[in-house]
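Going by the order they are written in, the chains are A, B and C; count residues from 1 in each one.
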Amino acid sequence: MNDQSLNGIAGLIYDGIRQLPIVSPHGHCDPQWFADDTRFPDPAALLIQPDHYVFRMLYSRGVTLEELGIGAAKDPRDVFRTFAAHWHLFLGTPSRRWLEYSFREVFGLDVPLSVETSDLYFDEIALRLRQDSFRPRALFDRFGIAVLATTDGALDDLAAHGKIDAADWGGRIIPTFRPDSIINPHHPHFADDMTALATLTGTDCAQFPEYLDAIRQRRAFFKQMGATATDHGVTDLQTAWLDADTLQDLLTRALAGELSGLEAARFEGHMLTEMAQMSVEDGLVMQLHVGSRRSTNRALFAAHGPDMGADIPQPVNWVTGLDALLNRVGNNPALELILFTLDETTYARELAPMAGHWPALRLGPPWWFHDSENGIARYLDQVVETAGYWNLAGFNDDTRAFTSIPARHDLWRRGVAVHLGQQVARGRMGRSDAADMAKLLAHDLALESYRLGG
Amino acid sequence: MNDQSLNGIAGLIYDGIRQLPIVSPHGHCDPQWFADDTRFPDPAALLIQPDHYVFRMLYSRGVTLEELGIGAAKDPRDVFRTFAAHWHLFLGTPSRRWLEYSFREVFGLDVPLSVETSDLYFDEIALRLRQDSFRPRALFDRFGIAVLATTDGALDDLAAHGKIDAADWGGRIIPTFRPDSIINPHHPHFADDMTALATLTGTDCAQFPEYLDAIRQRRAFFKQMGATATDHGVTDLQTAWLDADTLQDLLTRALAGELSGLEAARFEGHMLTEMAQMSVEDGLVMQLHVGSRRSTNRALFAAHGPDMGADIPQPVNWVTGLDALLNRVGNNPALELILFTLDETTYARELAPMAGHWPALRLGPPWWFHDSENGIARYLDQVVETAGYWNLAGFNDDTRAFTSIPARHDLWRRGVAVHLGQQVARGRMGRSDAADMAKLLAHDLALESYRLGG
Amino acid sequence: MNDQSLNGIAGLIYDGIRQLPIVSPHGHCDPQWFADDTRFPDPAALLIQPDHYVFRMLYSRGVTLEELGIGAAKDPRDVFRTFAAHWHLFLGTPSRRWLEYSFREVFGLDVPLSVETSDLYFDEIALRLRQDSFRPRALFDRFGIAVLATTDGALDDLAAHGKIDAADWGGRIIPTFRPDSIINPHHPHFADDMTALATLTGTDCAQFPEYLDAIRQRRAFFKQMGATATDHGVTDLQTAWLDADTLQDLLTRALAGELSGLEAARFEGHMLTEMAQMSVEDGLVMQLHVGSRRSTNRALFAAHGPDMGADIPQPVNWVTGLDALLNRVGNNPALELILFTLDETTYARELAPMAGHWPALRLGPPWWFHDSENGIARYLDQVVETAGYWNLAGFNDDTRAFTSIPARHDLWRRGVAVHLGQQVARGRMGRSDAADMAKLLAHDLALESYRLGG
């Protein structure tokens, strides 16, 4: 459908960036897809069952997860029919925009999806998925992806990344170091993963200094395997800087499973500051994703585990939350710390002023629910005036839905073009500056802020 | 005046919905008006003295309540003159839009209101109010109201509703069950109303299980009288689920007036979960209006009581606040729980993600101060992308100003048309889908989500 | 550059107000400039080194303060070159708009600023600064400033103001009474300033009633010197009303430096209520600037002191925060209390409803980071519908960057014109009302709400 907001200057700006290579410095694609390059299974398994954006909406209007073949065997064709029968629920959502884009641009489908066309869609997509040109590597190449970062547990052996590197294929897929399970004592896998960390690194992780060394070893391994960044998920942000005795005591009791919620948070808060300091040492960019309360639906969590669409954003206080970390390393331009929020009230109130002051900070793009057309508009409207453009980190798609990657970057590029078109129309900058800013936001800033090289 | 935002597609969409019947599933009209069908008194008593939207603004710029005949005898003509002399204060407010609409559409006045025309307005409106065609039932019919829900205390005998039902008149006016005074131990009428509840139901309300039964009796009575919904006003939301001993202890001490603020809140928090469970049993839709700090002006409250324009919104945390309730009944699609907030920061951060996940939830329309043109635009911009349209509950006018009902629905319909016109212009949906969504938002969703039948 | 948002009606509205005299009732210009009327030094000292809006942005992208000659000697020409080399960082920010306006309108520069034109800019500005027509008083006259208020410590002898008054020059420059250091026991200068207050007023400030009298004396002196307002900076707002014994105890221990953070806050909270009561007595307008967490970068504070760009906004609760004060004096229309927030979430949720109720309240314009084109649009969109226009206080520039004053008022006037143009286009008011509101917002409200006379 025609987008009138891309008439005029905005359209010219968009034309200048729409075909730039995709830089995807943060996301959740499975590296195994590209290591093995096996075909994706059926349309439901590709588009519906793994995408919590999609099944949460169906669930919210009374469709059971069983009907979708989640946690239950179900004919994929029937799953797709159920989805098609509820396609109207997605009107006005980015999920619908992403899927429409994929249907049209990736699978060549141009009839509207409905109950009547459900089987046609299913068959056509299934047919394509059996073709070599729809294998993961071929799609990666077709999508014009310059670099794709995955997100990997700190103990991961990165074998899939090794296999990709060794393959006769030019795609650049790099890991990202995610140590939540070894720095947050209340992470469900903390006990197991601390044992594994000790084994893997040959270190006595019960001693705080050696525990830090073990983490340094893992970071070095990730860096050697191509990583340029770490990533950290935190519900309630409260960084800290504690003394050695306190830390040893907290670590000892953490390993014994004896920490209170508050003590665990203090330990994690200190460890985030350690992570920032290690980033100064080893140059890995640090990402902080803050404020999602995970798995708020306990029955669903008990039955199906995490990532079932019940993660809900919470308010965040970035000023007090980052105080300890920033006052240790925030003045150091060698640190690149990229912040992601789900609390839009912090865009103009806290994040833009902070990014517009601290040399170490950049703001990540709109995250999750806010990675949408209005979300992008609100973000640019609220952060640019105080932080400018160079304190931003460009775009991330943050997706585990591989075929949506081009759609998401396209939506960002449209949003950027609309924003910059308005800036020109309002007399805030000339066309030449707007064209430069467009390229910066669509491509260059992601490369630069994630240190993805020339 | 001409509204350029309704040029083009938006105007076509608006034309398709402007004359749909009015569904008014939540509000504060007095059922006695329609039971007795007596004439409304003078213009001041109709338009100024009962409307806290109106007199709060006059009060804020130094007009005393006495000058307005509130809590003091005053010639209605003089009251109207004072109002007219301050008409400029309302420029840019929805109150002015509603009143202008009423003056023009209901009373046929098309000269501008001013000090000079004040008496003309007063005389003309007074003249009309003496005509039979301006009695409550005639206006109800003229406004095209399909159904109107009132809000009624849990102990109300609903005699007015009975009289309406028995009358030779087709208007559908139904009660809504509002039990605040018997579930919140710190409600000013709690002690009296608990005594009355026991008497009315013949139940020993000092025993927790029997107390629940008494409430069930009242709900059944309301349902029998046509109610399809309950309504709950809460300042600080914190639902809970407590054990039987704790509940009995809290109830006993509540009846003795011995609960601390925290204990009263825990009891109320538990009772909200009980109300949700009863809604699963009896099918009454549950409405939660959260976050108004009532009567913050203590001198005014002491002199004039509640609803004097000093109720001010407060931040709400819906995630923690609804945790206990939703984890008991939120996965049950038989529950219809409609949420209303005065804290717009929760639209995109909490409410849309929650409504886009939990089967039981819908979002109510913009409430109170936010029931305005910009408020409607902000609401649709912030909730639709994450919750879609079907997780919304359509529109409520929530008014005690009867003649403003058509004006308020008209403003919502304009806002819906402007929003959908933009969706079409941005290429987010086609014209046919937009026309369907318009009808849904203006009419169908209110019927469906309040279970108001076919 | 041409601003298309000022086409049509908005442009006509703007033309009607662009040349109105400037009313600047709150800001941080140094009265000594006008007392002595000495030339401003070099371009760096005028435009870069004193402006934390400017140097914070450079600092955020790795420019050191030393490179900017802040806390270090540096050739001003080199400082200006460093600034010019980073001019792109300001794209999209109000700082760039203000500076472009000053370059063009004040200094007549119409080539774009760049590394190549840096010396040209420097030389041209330096040349002008040596001319008599660029001395402070001449610029003040040229800018069309009707009245300018400075902000002055409670102990200031206001000698500069005296010298201005005695001069053969018609410029109206008035002081504002800022007593933070004598009412907040945790203010860094509290101990010294309380001693000075006692000496200056010949009062035993260790006795609470006499301490209040001493403050009254200072207020009277400011008023005699032309002040019409006081100003108060508060981080965490919590007004209070305490009894005499508690107050004497807190004062005694405050003077001994023994108050905890909580006790100091209670004392300050009470004193704000006293200030409001004194405003009722003496008629000085009271301003409250709430919610900036000052000097969050401790290394920078240790090296350079306050105002280094590390003041970051925090959430504010105005309802509970003002409860004690408003319930003592908020119903008194003789009090004029103007509120400023950095927490935009409070515009629609708290401030507009409060200003639309309490006779004493007005809302100040968008403050600091929010004094920007989008910030102005968000403010008008969110406050007008609930507070109307007459509960606002017009515009303040709040600047210490003298040459930016016309630029800031111009940006506000453009924002007002765009807003009112939309109001007309949306059919919310007619052209004549819009023209009236424009004059009100651009000029009259500032005069009236600050009691700056006829």
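By definition in this document, a residue touches a chain if its C-beta (ideal position, glycine included) is under 8 Å from a C-beta of that chain, and two chains touch if they have at least 3 such contacts.
All values reported here derive from a predicted model rather than from experimental measurement.
Undergrad: Are the chains arranged, by touching, as a line, ring, star, complete graph, or other?
TA: Looks like everything touches everything, fully connected.
Undergrad: Quick one: compare the interface residues of chain A with those of chain C and tell me same or different, with half as the dividing line.
TA: Result for this pair: different.
Undergrad: Expressed in ° and rounded to a multiple of 5, what is the rotation angle of the C-alpha superposition of chain A on chain B?
TA: Rotation angle between the two copies comes out at 120 degrees.
Undergrad: For chain A versus chain C, what separation do you get between their C-alpha means, in angstrom?
TA: Chain centroid spacing, chain A to chain C, equals 40 Å.
Undergrad: Among the residues of chain A, pick out those that touch two or more other chains and give their numbers.
TA: 345
Undergrad: Touching residues of chain A toward chain B in the complex: what are they?
TA: So the residues of chain A touching chain B come out as 1-5, 56-57, 59-62, 88-94, 97, 293, 296-300, 309-315, 342-345, 369-370, 372-375.
Undergrad: For chain B, which residues count as touching chain A in their complex?
TA: Residues of chain B touching chain A: 317, 319, 323, 326-327, 330-331, 333, 345, 348-350, 352-359, 361, 381-382, 384-391, 423, 425-430, 433, 437.
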